[in-house]
Amino acid sequence: MEYILLIVSAVLVNNFVLSRFLGICPFLGVSKKIHTAMGMCGAVIFVMTVASAVTWCLQKFLLEPFGLDKFLQTLTFILVIASLVQLIDIVMKRFVPPLHAALGIFLPLITTNCAVLGVAVINMKEGFGFFKSVLFGFSAALGFSLALIIFTGLREKIDRADPPRCFKGIAIALVTAGLLSLAFMGFNGLVK
Amino acid sequence: MDNIILQSFAWIGLLGLIIGASLAVAAKYLAVKEDPRIGEVNELLPAANCGGCGYAGCAEYAKAIVMDHAEINLCAPGGTDCMNAIAAFMGVRATATEKMTAIVLCCGDDEVAKRRFAYNGINDCAAAHATAGGDKACTWGCLGYGSCARVCPVNAIRIEKGIAKVDKTLCIACEKCIAVCPRHLIKLVPAAAEIHVLCSSKDKGPAVKKACSTGCIGCRLCTKFGDEGAFVMDGFLAKVDYSIPITKEEVIEKCPAKCIVKD
Amino acid sequence: MQTIKSPYNFRGGIHPAYNKKLSNGSAIESLPLPAVLSVPMSQHLGAPAKPCVKVGDEVKKGTLIGAQNGFISAPIHSPASGKVKVITDVATASGRPCQAIVIECDESNETEFLPPIENWQKSDKDDLLTRIGETGIVGMGGAGFPTKVKLSPPMDKPIDTVIINGAECEPYLTSDHRMMVEHAKEIRIGAEIIRSILGAKTLRIAIEDNKPDAIKAIEDAFQDIEGDVAIAVLHTVYPQGSEKQQIYAVTGREVPSGGLPMDVGCVVENTSTTFAIYEAVIKGLPLMQRVITVTGDAVQKPANLLAPFGTSYQDLIDACGGFTEDKPAKVISGGPMMGFAVSSLETPTGKTSSGLLLLSKKRVSQYSSQACIACGRCVEACPMNLIPSELSQFIEAEDIEGAEEIALMNCIECGSCAFVCPAHRPLVQHMRRGKAAVMAKRMAANAKG
Amino acid sequence: MKPENQPELYIISSSPHTHEGSSVERIMLDVLIALAPAFAASLYFFKLDALRLTGTCVATCLIAEWLCRKAMKRESSIRDLSAVVTGVLLAFNLPPSLPTWMAVAGSLFAITICKQIFGGLGYNVFNPALAARAFMLISFTGAMTHWSSSDWAASLASGAADAATGATPLGLIKEAVKTGASIPHFSTATIMKLASGNINGCLGETSALALLLGGAYLLYRKVITWHIPTAYIGTVFIYACILHMVSPATSALPHMHLLSGGLIIGAFFMATDMVTSPVTKKGMLIFGVGCGIITMLIRTVKTGSYPEGVSFAILLMNAITPLINRGCRNRVFGTKS
């Protein structure tokens, strides 16, 4: 039950994008076409899950024993996450070039995606165990994916809309994201 | 204190080393071959992604230049500077291109050109053209539903009194409007040229007159009074040969239909 | 021979105001021969016919004046005796200019017909097909597809069912209706000729249930016919006359997407076409005239007129007593759902002109450029189960691939969607535009590959 | 479209040349007519407040709509009445005691941010009235959840809640669920009051009977189809029944869920908003069921912040409408599956 609540919380209530406002960059950047969005979701789920596992191990077996967790945590995490993303970039370019081309700059940008770092840091802050950390990382990524896919659906609709010229493109997308976030507030408090 | 700083250095250094090494290995074994020049040519292009060169965006054009030795003078927004830069980089000769601009070869606005019926439908030239052949009485003239204005990436086209007008100073000659015009009225001409025959009707004089008072009636006066060879006849339609500079501006006055215009 | 109530009904469709009362009681009248006929060379689908007479030539009624030009094409015959005045371009109902032979008619009424095929039951199937081809018969319901081609399906597509389409689901039009009432016997012979050419076992005459007198007339005429023959009484719903919908309503078979009726063993022929086949075979008459319904609230006396091809709309209107006080705001060639609005009364009639509809301002609905409000009524109305709202939005946004993906090319342009659209969006025009773009793209791809 | 410069010309358009005669204005007018009984009920129960808030919202919406179109240099869209509908629906979702300026702010938000910024009617992705209500609920939480006490609370058989503070029936239930107290028991008389609308609640949502009357009119006029309301209300009912069977002590009676709160107005007037709901029947059913589940989740989960979930449920389903539309296309004639 606890785990289910954890998942529900990360996916719906404390959605990474829509209520913690993490990972906005790919959220806006890769939401134009549903196929690209799905690819991004896959990449993010993979990165976040693996990053949760790796950072947890780092924290428990290296940082904490040496007493470095107070001030080296962020730096180490960024380093690890960056290299993970780099690895995925290389692998994707080799094995799924069309998806790689479609994701473009946003794949390397997961590197600096606060959502991934956010997951790692939240894991440590909440003092989750290994399994819980991985689960949280995974469900946070699921939440990200949910938001991204919903938003992509909306985005395809608003791309056909007819906003005033100054609101065309990213401006109207941000307004929509805001309204979507408003809607997600309905889940407020459902799970702590 | 020293200990901690040293420890940190050692720690990060070690971590970086391990990760760096493994990434290097991965990069080596999973590398995808790509000509590095593609990226550099892409940098030289203006990133307008207008598609005027005929490729899907600047990156594709860069790829075509490097891989397929595509012509390097296709980028209109980049102009001569861009071409010279690419020429220098690729080590090929640059062929000089003249600055071109699009022009709508029709001056039959709503005051002078008749309409055959009241069109009621999609506000789009191709759609209007496909509905009973377009509402303009002249089957060659500009319909004025602004499809060209909508595709123009730099907003250089406006619709005035029911026909399209190109603003020369804004036009980047990307040819998008040319592709979209169902009546093929838009042409690229040298931007320096000032005198144009603003009509595309190949109909005979009486038929032209019936539909529009400023249509070319094929009277040939411009070929007589204009510079030698500057005006040529294509059936019943006079055209400007832009390779010949025009000095005798009195042709404008001589044209009985007033479709020779200086801008 | 029996009368069966159709057990199937396609999904969707609409119930427009039929307004058939205006003309369905008027018997077919012959139009007095107009002084001048301008006979277009393109009255059918496919390549236009090639004029084979010169200016000044004397022609007789039935003289070949336009030669068939290619496989999908049809010859054209002079509808009257007279002299070729000029060969020029005229605007046809579709608005496209097309070559036409202008004939100054005389009263001599000399004829040049083909010999009748007396004993058609014993004739060779190919002779009958040749006759249908050389008399220039095309689908008179609207599409104008050469009938000879339609009746020559490839060997691997056996036809077991012939459907004579008497649905006439277009509002206002009554020409097929009157044909069935007045010429049921001839239609029967025509239908039997079609059946024997195709070797089809089953024959169905499809009539909507709002034409009881036509059903009665056909019942009487077909009384003693042998074999699997029946009148299929269809629900009155538009577009019941559309080929794919009708085949479903009569047989329960669905023509596959992108396929043709012959893919499900069916051939559908219009009643007027069937009558023309009778005349061509039994009387040797080339296709030179047809019944056209002149109707609408802007014409004095709506009527069903038998008029030679090339008659100008003005002549037809004059024969019906001219306009009413409400001058027409829209002149439509064909019915209100799928007809073409024309800009000039000089437009000549042709083989597919089933009606001339004159609507006054108050009857004309104007399209607007309002946005789609996603009410879903078009989705309900679409007989092809498409999503017109979404399709039109894709096409508006120039996303042609997107539209193609959601089955744009299945659209039959019946107009049901635009008929119900509360935002008055020109949906059919969007579809046409999208389809044209897809076709252009495919042609470009073909040219490349 | 071009102005006719030569009016004697024949009109040419693509086929079809005839129309059934429906129009967006007529649809909006029908919605307004359908809302009339509810408005009458709210006038009766809330007196001047109903007039004040409805008037403010409608006027602000109209002015905002007009100004937006003016600013965008587009044709005015006042005549399609959609702004009036938005105004009325928004007002019906406000508590009677709300200050006027807040209603103005909400209306402005509805028209400018939720509708015109997208290009106007048809392009908006969320129901403007609901999005505005959600916005107000978050911005003016106090005022939006403040209910003046009325006599109905006094008639509660069990005094679980302090009648003097005033609360909506759902508010009372939620409070009981949260504190672990037993669910207040409502007498038959109270339930009659619920149905007639003599209770605390938003202006237009209280009188279930008046709203049902309006809903029936909409169904009769074919402005809406039965799919969304049935799926929505049905889901809520079944969910509530199951909940009540599982634990009768901690959950309200199913008909309480149906009659109180904004369910009826939501199911008939808000969820059926054409622009933001799916176009196919299958999609509509999914939409309705989704609305029902989310509504009940928000209403009944102990820790949830809101006693009422209709607005948020519909907004959330609005958000996934494009996805539903994508997934619920009909089988094209002549194709398999």
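The first chain written gets the first letter, and so on, giving A, B, C and D; residue counts start at 1 in each chain.
The rule we apply is simple: a residue touches a chain if its C-beta (ideal position, glycine included) is under 8 Å from a C-beta of that chain, and two chains touch if they have at least 3 such contacts.
In this text, all values refer to a predicted model and were calculated from it rather than measured experimentally.
Colleague: Look at the interfaces A-C and A-B and say which one is made up of more C-beta pairs in contact.
Modeller: A-B
Colleague: Taking each chain's centre as its mean C-alpha position, how far apart are subunit A and subunit C in Å?
Modeller: Here the centre of subunit C sits 59 Å away from the centre of subunit A.
Colleague: Centre to centre, by mean C-alpha position, how many angstrom separate subunit A and subunit B?
Modeller: Those two chain centres are 41 Å apart.
Colleague: Between subunit B and subunit C, what is the separation of their C-alpha centroids in Å?
Modeller: About 44 Å, centre to centre.
Colleague: Measuring centre to centre with CA averages, how many angstrom lie between subunit B and subunit D?
Modeller: Inter-chain centre distance comes to 50 Å.
Colleague: Touching two or more other chains, which residues of subunit A qualify?
Modeller: Within subunit A, the residues that touch at least two other chains are 160, 162.
Colleague: For subunit B, write out the residues touching at least two other chains, lowest number first.
Modeller: 116-117, 120-121, 123, 127, 131-132, 135
Colleague: By the touch rule stated above, which residues of subunit C touch at least two different other chains?
Modeller: Correct list: 95, 340-344, 366-367, 369, 371, 426, 429, 432.
Colleague: If every chain is a node and each touching pair gets an edge, what shape is that graph: line, ring, star, complete or other?
Modeller: Basically all the chains touch each other, so complete.
Colleague: Spell out the residues on subunit B that touch subunit A in their complex, using ranges where they run on.
Modeller: Interface residues on subunit B, with respect to subunit A: 4, 7-8, 11-12, 15-16, 19-20, 22-23, 26-27, 30-32.
Colleague: Help me check something: in the complex, which residues belonging to subunit B touch subunit C?
Modeller: By the definition above, subunit B touches subunit C via 116-117, 120-124, 126-127, 130-133, 135, 139.
Colleague: Quick check on the complex: what are the subunit A residues that touch subunit C?
Modeller: Going by the criterion above, the answer is residues 159-160, 162.
Colleague: For the complex, give me every residue of subunit C touching subunit D.
Modeller: 10-11, 14, 16-17, 95, 171, 244, 248, 254-259, 328-332, 336-344, 357, 359, 363-377, 379, 383-387, 389-390, 406-407, 410, 413, 415, 418-424, 426, 428-429, 432
Colleague: Tell me, which parts of subunit A touch subunit D in their complex?
Modeller: 34, 149-150, 153-154, 156-158, 160-164, 167, 172, 175-176, 179-180, 182-192
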